[in-house]
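Listed after this line are the structures, all set down as structure tokens.
Look at the two complexes coming up: subunit A is in both, with subunit B in one and subunit C in the other.
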Partner chain A sequence: MTNRVLPWIVGAVLIALPFVYSAPYPMHLMVVVLIWSFAYTSWSVMGRFGLVSLGHGGFFGVGAYSTALLWNYYHLSPFLGIPIAMVLAVTLAIVVTYPCSRFRITGHYFALVTLALSAIVQQVATASRNITGGSLGYTPERAQGGGHILAFQFTDKLTWYFIALGVWAVGLFVRWRVDHSMIAYALEAIAEDEDAAGAAGVNVTSEKLKITALSAAMTAFAGGMYCQYQMFISPDTVSGINVSLQMVFAAVVGGIYVLPGPTVGAIITILLAEGLRIFFGTGALGWDNLVYGTLLVLFIIFLPQGLVGAAWTRLTGARRTA
Partner chain B sequence: MLEVSGLIKRFGGFTAVSNVSFQVGQGEILGLIGPNGSGKSTIFNLLSGTLAPTGGSIRFQGHEIGGLPPYRIINQGIGRTFQIPRPFKRLSLFENVALAGYYGQGQPSRAKAFEAAERALTMVGLPTDRDAGIGGLGAAGLKKLELAKALATQPKLLLADESLGGLDETEMDQAADMLRRIRAELGITIIWVEHIMGVLMRVVDRVMVLDHGEMIAEGLPAEVSADPRVIEVYLGTDADAVQAAAVRV
Partner chain C sequence: MFDIYLLEAAINGILLGGVLALLALGLNLIFGVIDVVWICYAELIMMGMYGMFYMVSVFHVPFLIAALLTIVLVAAMGVVLHLLVIAPLLNAAPINQLLATGGVLAFLQALATVMFGIDFRNLGIRLPVIEVSDMYISYARLLAFGTALAAMVAVYLFLSRTYTGTAIRAIAQDRQIMPLMGVDTRRIYLVTSAIGGGLAGLAACLLVLQYDVHPFIGLTFGPITFMICVLGGLGNMIGGFVAAFVFAEIISVAGLYMDLEWGYVFAFVFFIVMMFIRPRGLLARRQ
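== the complex of A and B ==
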């Protein structure tokens, strides 16, 4: 019962919220939380099936940089740039995942291979200084007048809020669809026993590639959107190991097996980072990573289902939640 | 239906299957027996695509299938069970079988997969309700689940691997009856690998005996059990075991 009604209530509240209260800073935080929630949900689309990727920082970075570079160098609207970025991320995902699957690189080893991917994207963005501005970061050119539909640039936070809200909702819907399709059975089976899954008729490599491609495409979309909203990207804020770890951490803290888990994870991690920044200023730079690391270990040991997952199990006593 | 000729599988310098040829006709139940390490399971893994042959050919309904990946072989109509049941613990009983029904039939509609799953579960005598877990299944129940998974793929040929291991005598008879019924009611051809000879000999039409990767006898159960080479192989292993036990004492 609550299961049916709750999403609609939450949706209605989120749509009504800016009409009641729309101070710029909280609005900004909401947009950032929604974009990252979408990214973390994208990660969990595959992460929940034991396909732990530390390469998503790479996909996010490809999304952000390709969108900005295509706009600045070729004046290609992000409406075309983001899809191209998604195709690039999917290509990258396939190049990495296909050999992993064929050579049975799974679990920790898969995480390590993908870790290299996010490091490589960061290195390339940092090293190609003449093109990307290197570690100083990169800014998409402003459209004339500050905001423009084709440039996918908007000056007011309200527009961004509704865009981010819509994208986030679509992200949740995509994951819900995946969780309730036959591919979810196949991926659960693959996670447990690849040979037995094969004997049940599952083409292990193709199913893994499908879910990885979907997850990478969504993450690249998030990267492109982040770039358009922030109008500034730098190698270490949109790519690299930090971004990847942050995704894993947020998703695990919120709970990877439950739909709202990654979103709750995003709220917690972003408020934590903002809180540390406000209370300690630049003196606490990087502290959030220390706190993340400690909490991640504690969560994996004591609360592997994450906050939402554990609460859900407590409330319903459900065998499995999806 | 199935023609195997000159099948060879080597692991490094070790030849697990050496030049084995046989045929299986439509609607037949073929028994495949032999002592431990004789190559029975390797042959199954070759037929089901888990392993690729080193040499020789496997033709199923006129098509070469040797070396194809497992999912392609299943979609052509060869289902298998594992010697040690391999259920998916994160899925419910029904989902385990529905998964096989969906992917094993080359991804038809969900409705068709569920229908196949229901039929398979009913056939083996397991509950078809959607929420039943696999936690409560004993050894016999898990063997039934293996069989249901294989049947849900709608095979034309079923490879049954040691269906009787770990079962008591009544359960063994029931399992043997089940294979007979599967052939009679569903018209599925069966190759049955088994350690326990007694029950197998009562059910199969024809039996093949392997030793050290080579086929040493083939024919009707009565002929094969009278074959001196077969007796030697089976008694030989037993004699070794008796000797080993005596030395230990």
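== the complex of A and C ==
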């Protein structure tokens, strides 16, 4: 019963929140948390089936850079630019995942091959500095008069809050649908034993491709949104290994097997980083990652289900999974 | 048409290949024996490079003694890494081990940022450049190449001639049976971690002569080392050796015609293409 009512209550509270309290800084934090929660949820869509990808930093970067470049060079509205970026990311994902799954590249190998993918995106963004500005970063041109619907640029935080909230909710819904579909059973079987799943009639390659394409598209969307909100991107902040690891880390801390896990992970990691920044000032450089790194190791050793996962097990008394 | 610059790039590629082969050897040894990928391997090298910097530039320790201390230091870090992070996860899912060392990667990067700051630092030692018929070959690279080869031969002799080395190779072949044969796997794992760390320390001593140290230097070597290992077939030391030179040549020759970053891009694309053609590594037998 609580399972049915709870999401609606949480949703209503989140929609009502800005009408009660809407100071700019907390609103900004909420938007950032929501965008990253969506990105982490996108990663967990495939990550929870044992398909641990370190290439999502690449998909995120493709989303962010394509959107910004199409807008600046061809004046293509992000409403078209983001879908194009998603198509590009999906193409990239398929080009890499198809052979991986055909040739049985799984586990370690899969993580390392996808790691190469995020490294490629980062290097290309850095190397083509005539077009992308290289490591100095890149800014989408401002539309006239600040906020502009067609340019997908809004100056006030409230608009962004509702957009981010909507996207995040859709992200959770997509993951919920995936978790309760036939494809979830197929992928769980594949995660247990690929040969057995194949023998039982699961089309291993096709199932893996579908979930990877979905996850890559969502991540590219998150990248495009991040670009539109921050109005500044650089190869290190939107692509590369560190972004990939950041996604994995947040998802693992929250718990990848439970729906709100990645969101809780995003709340914890972003509040931690902001808290340290406020507490230490500019001297905080590096402290947040010091804490992240330590926590990631501790979580994987002692609490591999993540915070929400462990709490869920404790509450429901369900038998341990994972 | 003979292009002297191309030859120079090719020779520099071979010299770079020697160092990359050394990096790949350490990682392959650990993977082959313990079945764990240390994602943070390049960060161990970064810590070693800082060790060299502080010992040589700040405390004025003679270079060779500092190098020895660095090798011991990083070997000890390897052992600590194994005891604290890998040992508790030996029976966990392989991907959890990978992610845990990913956490160590973030931790070491941040630790270096907090402790040493983000400035670029170098030893201030400028080794001479050798000029051979219009080609400029850096002495530091030559030294790195020679030392790396010598270290690889030493590791090979250790693995093939000593009792412990034989036990290490045996465990790499069959993890289940060796404990039954009376080999203490925990001790072998520690020895292997120490050797892997020691090789990272040696690489640090060689790289610090050519590159500035900063907390994110690991990202320059890390991805490329993993790709070399995967390209050669994870755990396959000879494959890794060959792959290191192939990679180094691509980076070096492509860097001649375009920016260095494009050299890396080509190497990475080559890697992904090769995964389609030889998914189990360059030297793997076809099934």
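Here is the rule we use: the second predicted complex is superposed on the first by the 318 of 322 C-alpha atoms of A that agree within 3 Å, B and C clash if a C-alpha of one lies under 4 Å from a C-alpha of the other, contacts with A are read in each partner's own complex, and residues count from 1 in each chain.
Note that a residue touches a chain if its C-beta (ideal position, glycine included) is under 8 Å from a C-beta of that chain, and two chains touch if they have at least 3 such contacts.
Model, not experiment: these values are computed from the prediction.
With subunit A as the common reference, the superposed partners subunit B and subunit C fit together side by side.
Contacts of A:Asp156 after superposition: neither subunit B nor subunit C is touched. In the superposition on chain A, A:Val52 contacts subunit C only, with no contact to subunit B. By the document's definition of touching, of the two partners only subunit B reaches A:Ala200; subunit C does not. Legend: residue contacts after superposition of the two complexes on their common chain; A:Glu141 is shown touching neither subunit B nor subunit C.
For subunit A, the partner touching the most residues, choosing from subunit B and subunit C, is C. Taking the C-alpha centre of subunit A as the vertex, the lines to the centres of subunit B and subunit C open to an angle of 80 degrees, rounded to the nearest 10.
In the superposition on chain A, contact of A:Tyr185 is made with subunit B only, not with subunit C.
Nearest C-alpha atoms belonging to subunit B and subunit C sit 8 Å apart in the superposition, given in whole angstrom. No residue of subunit A touches both subunit B in one complex and subunit C in the other. Contact residues of subunit A toward subunit B in the complex are 182, 185-186, 188-189, 191-193, 195-204, 319-320.
Those residues of subunit B that touch subunit A in the shared complex are 48-50, 69-71, 74-75, 80, 82, 86, 88-91, 95, 98-100, 102-107, 110, 113, 133, 149, 153. Touching subunit A in their complex are the following residues of subunit C: 37, 84-85, 88-89, 92-96, 98-100, 102-114, 118, 215, 219, 222-223, 226-227, 229-230, 234, 258-259, 261-262, 264-265, 268-269, 271-272, 275-276, 279-280.
Of all residues in subunit A, only 50, 52, 54, 95-96, 99-100, 103-105, 107-109, 111-113, 115-117, 119-120, 123-124, 126-127, 240-242, 245, 248-249, 252, 285-290, 292-297, 300-301, 304 touch subunit C in the complex they form.
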